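Labels run A, B, C and D following the written order; every chain starts at residue 1.
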Amino acid sequence: MNPINYLYLAALLFTIGAAGVLIRRNAIVLFMCVELMLNACNLAFVAFSRLHGNLDGQIIAFFTMVVAAAEVVVGLAIIVTIFRTRHTASVDDASLMKL
Amino acid sequence: MSFPLLTAAAAVPAIGAVATAAVPAAKRTAAKWLALLFSLATLALALVIAVRFDPGAKGPFQLTESHAWIADFGVRYELGVDGIGVALIALTALLVPFVILAGWHDADALEQDNSNRRWRPTQGLFALILAVEAMVILSFEATDVFLFYIFFEAMLIPMYFLIGGFGDRAGTQDATESAARRSSAAVKFLLYNLAGGLIMLAAVIGLYAVTADQLGTGTFSLQQIVQARAAGELTMGTGTERLLFLGFFFAFAVKAPLWPLHTWLPGAMGESTAPVAVLITAVVDKVGTFAMLRFCLQLFPEASKWATPVILVLALISILYGALLAVAQRDIKRLVAYASISHFGFIIMGIFAMTSQGQGGATLYMVNHGISTAALMLVAGFLITRRGSRLIADYGGVQKVAPVLAGTFLIGGLATLSLPGLAPFVSEFLVLVGTFSRYPVIGIIATVGIVLAALYVLVLYQRTMTGPVKAEVQGMPDLKARELVVVAPLIALLLFLGVYPKPLTSIVNPAVDHTLSVVDRQDPKPDVRVNAEPTEAGSDRDAEAAK
Amino acid sequence: MSSAVLAAAAATSMGEAVQFWVLGTVAVIGALATVLMRRAVHSALSLAGTMIILAVFYLANGAYFLGIVQIVVYTGAIMMLFLFVVMLVGVTAADSLKETLKGQRWLAAAAGLGFGILLIAGLGNASVTHFNGLGEANAGGNVQGLAALIFTKYVFAFELTGALLITAAVGAMVLTHKERTERAKTQRELAEQRVREGTQVVPLPAPGVYARHNAVDVPGLLPDGTPSELTVNPTLRKRGQIRDVSGESLAELAALERRSSEWLERGEDPARGEQARERGEEATR
Amino acid sequence: MESLIALLVGAPLVGAAVLLCGGKRLDRTGHWLGTLLAVVSFVIGLVLFADMLGRGAEDRALHQHLFSWIPVGGFQADVAFQLDQLSMTFVLLITGVGSLIHIYSIGYMEHDERRRRFFGYLNLFLAAMLLLVLADNYLLLYVGWEGVGLASYLLIGFWQHKPSAATAAKKAFLVNRVGDMGLSIAIMLMFTTFGTFAFGPVLGAASETSEGMLTAIGLMLLLAACGKSAQVPLQSWLGDAMEGPTPVSALIHAATMVTAGVYLITRSGAIFNGAPDAQTAVVVVGAVTLLFGAIVGCAKDDIKKALAGSTMSQIGYMILAAGLGPIGYAFAIMHLVTHGFFKAGLFLGAGSVMHGMNDEVDMRRYGGLRKYMPITFVTFGLGYLAIIGFPGLSGFFSKDKIIEAAFASGGTQGWILGGAALLGAGITAFYMTRVMLMTFFGEERWRKAPTPSPDQPSVEPAAETRGEYTPPHPHESPKSMTLPMILLAFGSVFAGGLFSINEAFVHWLEPVTAFEHGHSPLSAAAVTSATIVVLLLGVALAWLQYGRKPVPAIAPRGSFLTRAARRDLLQDDFNHVVLVRGGEQLTRALEQIDHSVVDGAVNGTAVSVGGLSGRLRRLQTGYVRSYALQMLGGAAVLVFATLLMRGV
């Protein structure tokens, strides 16, 4: 088997995640989809690092995780706050950012 | 490396602007005096430049300064003046003190209607005026296209605030409504000129590309490009050159302003205070015509010749159109604005007639128009502040109650209609002759302009100054000392330059000849060679050439 | 583990292939489930599954440290965080999959598909054949290798991530922390307030009325036998998890009465029986 | 000697400057200063004249080069003076008559609080006029030319509080501007043709260029002359110019300013000699104007307007003569000088009459004034005899010569012109007699209260119409006013005679304006006798109409011609309808265009841009998911682009 399949898989997962972001309205699920995309990227990185034979790809993936963690923390906090004020977690209800 | 006079001439007002802006709110009068002081210092420097300038010297530019600035793009801080530049710098430095003096109390009204401690309209007004002066002077000095472009555009910022922030409150029953008109005029001014400027920017970049393509290293230096052209190292394709020319010319035509790009001027001049209006038409707009003479013609000689017929026709339209509309105006300041449009038509016509008379006349015209319009507009401003209205219909019989004011107004008007003996006549006649000697028909049609000029000036004077004294005009005070100090020197100058323009022509002529040589045009020779014995004038002009 | 695996060699073993195809399919299914599941909880769980599988793939690709971190941090921490939030807010968040934005779904599908196809096409003509595995990179051990890089080449980025994490933590606290502005109400005050507002002065009635049905998801019956909304937790009601037993209980009641009346040979009282039967039927209906 | 020339101009110029900038402190002494300076320049003129007589006929011309004025490339304009016989004649006339009128004004303007300024303007006028005649190139002449226009503007509009005066002043300046346009175009033509516009070279080389060019220049010069000398079709300003104080009318619109056109044409003789067509145009203009003016003069009841008409007509004579070429130049100038004397005298007389009659100008309100103001009567009478060309008086000699020359111009043209000139002479006699009779003879109509007549808007009713009527007390004017009149009367009696003693004047001018005797189909005697006959006819006619039967105090409606003549032969109406109305329409229309089309285009672009952005705003739904969609789409596009770049 050609290890490039990992990349195909990553692409597939990423696309699914993206579609999810576009389709779902529940903020939490939205976040999950984002996480899915991030993970897809990580997979790609890891595969690349194997491709190039050095560890930099893994480092990047590692940083991605860290950033993802931070993002999730803040993001979820935001969701909670929104839920407190609006009693809903639907992103469509938070649509005040337009002229 | 001698003392950088040119930089200093621009730096002094710039520093003055900062200093004035920094004056605390309470010390209003101090700010005024400070601004006046700095403007006078600038004037002194300008005079030094005029004295140090040697008309006979070789080379197009003098007092040059050149430092690398943005090395990557070959942008240099290059300053230098030719006779034209000197004349216009002198004009600018000369007018600004009068503008400041005339606008002495313009910001007082604003001071009252605000409680905020940090609110300092007076400081703002004078700082902005000085800032404009600095930028204008720099754009007269810059010989690096990019450097010029920067100041050409930056000028708009202070002007915008001057127009929008310190507008004319005369005859405004409805404050908000007048404020709206003011700001719209300011925005129009800004957008109009920005549009021109952006197109020019494209052309500037194009120029860089061309030079980089042909000379190896791209440059913005006017001299370098001109020399390269002369040496044949730089040859633009006809199409490119024309496009670039149009890019430059559009910006300058907007600034000048040339019909049909003139519509921002009446609004801007009408809504701003008289001193600011003077700043606009007498100083800032001159940059446009000046740039046509320095950049359009010298960078793109072929394209200039190609475009000449169209431009001349547009200029002709400006002359007649502006004059006719001036006749139709009911608002004194708008009338002056349209008159200026007509005069700018003359200037542009002279520039593109490509004769030494035409271009020399055009340069003189820039200076004289500056002075005459300043005189007329400032007196009009004094009149308007007294009566609190800009409408001609609200006046009548002023001559009886305020004879001195009326007299100065009349002289300003006569200068505007270019009466012989006053400065504008010299320039206007030169422009006409210069144009006529190459394009007779256009020259003849343009002379109709002098009749129309007489019409609008005299109608204005008759309706405002003569006739029975109107009730509201009754007891209008005559000119005060400060106002006389403003007007008298201008009038004296008008008379002097009308009778003895030689100082001006002697510094302008070499520059004009150089421009013509770059454009490679000679004056048309008269049909009949008159074996007239060389007059004294002829001889001493030869002497100048020999120097 | 075997050195071959540790090397994450260029060529892939048969075992890895099998592992890939099996787990890869599962991962994709998990991802789809994440997107399509109606309930947030289910999405979270399927996502967790996908992540675990990804962890395995990391391991397979010689990223042992990452594989562990993936499991610990992602599946262990982040997903749990998700679940907590779902617990906090998600009860109502079983959103209908009905699309509100016009054309969003189709456009999304189109964009997603196009994007995926493009990506895959790009990969396709990347024509990567030779993998020079992590043999020498992992020679000194994967973790050591990473450490060496992190603390030399990527040290600044590393420091920055530290700062980022702290900021994130603080931010989360700031966002979620609710400033208590006034003193907490005492029992007494609460009682008085209730009385003043006049809504539900007495404590809420308990759910369930018979010993068989005292579960919290069974509503209590009012004297006339109708179920009382107040007796069950609104969350359950929202989720539609209320077991409505009133019908059968009424039927039983009717049967009981009939039997008792027969037993006592009391005069037939059809009206009540009818009444009860009707009530029972309507309730079951 | 040359250095004096500048002084000639300088003296009045200094006067003007001092008086206008001097301020109130000069109010008491200002007029004396002004008069003094005028006299000074007259004396200087006399000195130069004596000096000139001292030299031979050929080398009488003096040149003075002050400084180079406008040196630009081949364009060399100098401030330089040239004083030859022609200029000298004018200098003496201007300064002489000018001084007299200064003196006269001292009395006439006594009660005007702005007298200082008046004298300042007078001095300014003198300076400008002297500059005009002393310049040695056309551009400097142009300066004087326009300066004269300015001075006349200021003086006509001197009583600015009267709207009519202000309007008249504006009109005068504008009409003059039209003429100036001609002059400037002529100068440009000269520059392009000869490369210079100094008299010497241009006139010297005139013969070298094509006739067409000369014709063009000539016509342009003619246009200029029409403007300044109030010749048809630019004559309309002269009548209104009578709004100015009477001395102004005397000085500017009789003796000097209006003669500038004649000077210009005579000075440019060399050009006209080379362009017969231009000359024809000149004579036609002259002939038409002299009849036009005469007819207008017959109908006016306003004494000054009547005199204005006669001025127009007399200038017409001069232009006619100047257009005849060498046979006429000298006589044109000669008539100009004599006319300067008697017309100034007449105007001053009129002023003196008005002075005595509370500024009443309507001759129908005069009558029988001879016994109240004898000196005025005598001087006016002498001027009258002179202008109608009564044998022996100066007008006779000059006008008679012109008529002869007109006949002498040869062919049918000669007959037509001569006829016109003769006819003009007759009409002149008629209307001048009319003026004379209506003013000094007949019943004293001013004793009765006036009734302003409806169909004469031109004459504004006297101040007394309001309230109780008190008849004026006609009285002789003060010495300061009568003295100049007397002196001028002497001039108008003897000047012509002196000039004609064996053609002294002609020979005096000959070096400048070549002279040749025209040989007319009629003998001189015949022409003279014809003139006298026509003249007597005119007088008789006038006496029959105004002498025998009493003059109605209210003007009869009169024939159509009369009414038309009262309205300057409807020339003003024409101007009003065609130029003023048309102009207003045009400017209004342009105003609209500027606002809606030119500016509209700009604003339109602005608006459309605004609308476009408003539409683009719709993309900002605020739904995070649609943003995400756009992002993904963008990403897809980017990927696609990259793939393309890599040449998939």
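Just so we're on the same page, a residue touches a chain if its C-beta (ideal position, glycine included) is under 8 Å from a C-beta of that chain, and two chains touch if they have at least 3 such contacts.
Quick caveat: nothing in here was measured; it's all calculated off a predicted structure.
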item	value
Selected interface, A-C versus C-D, where C-beta contact pairs are more numerous	A-C
Geometric centre distance via CA averages, chain D-chain C, whole Å	106
Separation of chain B from chain C, taking each centre as the mean of its C-alpha atoms, in whole Å	75
Where chain A and chain B are represented by their mean Cα positions, the distance between them in whole Å	62
Distance between the centres, which are taken as Cα means, of chain C and chain A, whole angstrom	17
Overlap residues in chain B, where contacts from two or more other chains coincide	none
Per-residue overlap in chain C, given as positions that touch at least 2 other chains	101, 104, 107-108, 111-112, 115, 119
Residue list for chain A, restricted to those that touch at least two other chains	18, 22, 25, 92
Those chain pairs that satisfy the touch definition	A-C, A-D, B-D, C-D
Residues of chain D defined as touching chain B within the complex	20, 65, 67-80, 139, 142-143, 145-147, 150, 153, 157, 160-161, 163, 165-167, 169-170, 173-174, 177-178, 180-181, 184-185, 187-189, 191-196, 198, 200-202, 204-205, 208-209, 213, 583, 586-588, 590-591, 594, 598-599, 601-602, 606
Chain A residues touching chain C - in the complex, by the definition given at the top	1-9, 11-20, 22-26, 28-29, 31-33, 35-36, 39, 42-43, 46-47, 49-56, 58-59, 61-63, 65-74, 76-81, 83-84, 87-90, 92
Chain D residues touching chain A - in the complex, by the definition given at the top	617, 620-625, 628-629, 632
Chain D - residues contacting chain C, complex	621, 623, 625-626, 629, 632-633, 635-636, 639-640, 642-643, 648
Of chain B, residues touching chain D in the complex	188, 191-192, 259-260, 262-264, 321, 324-325, 327-328, 355-357, 360-361, 397, 399-400, 407, 414, 419-421, 425-426, 429-430, 432-434, 436-437, 440, 443-444, 447-448, 450-451, 454-455, 458-459, 462, 465-469, 499-502, 505-506, 509, 512-513, 523-532, 535-538, 540-541
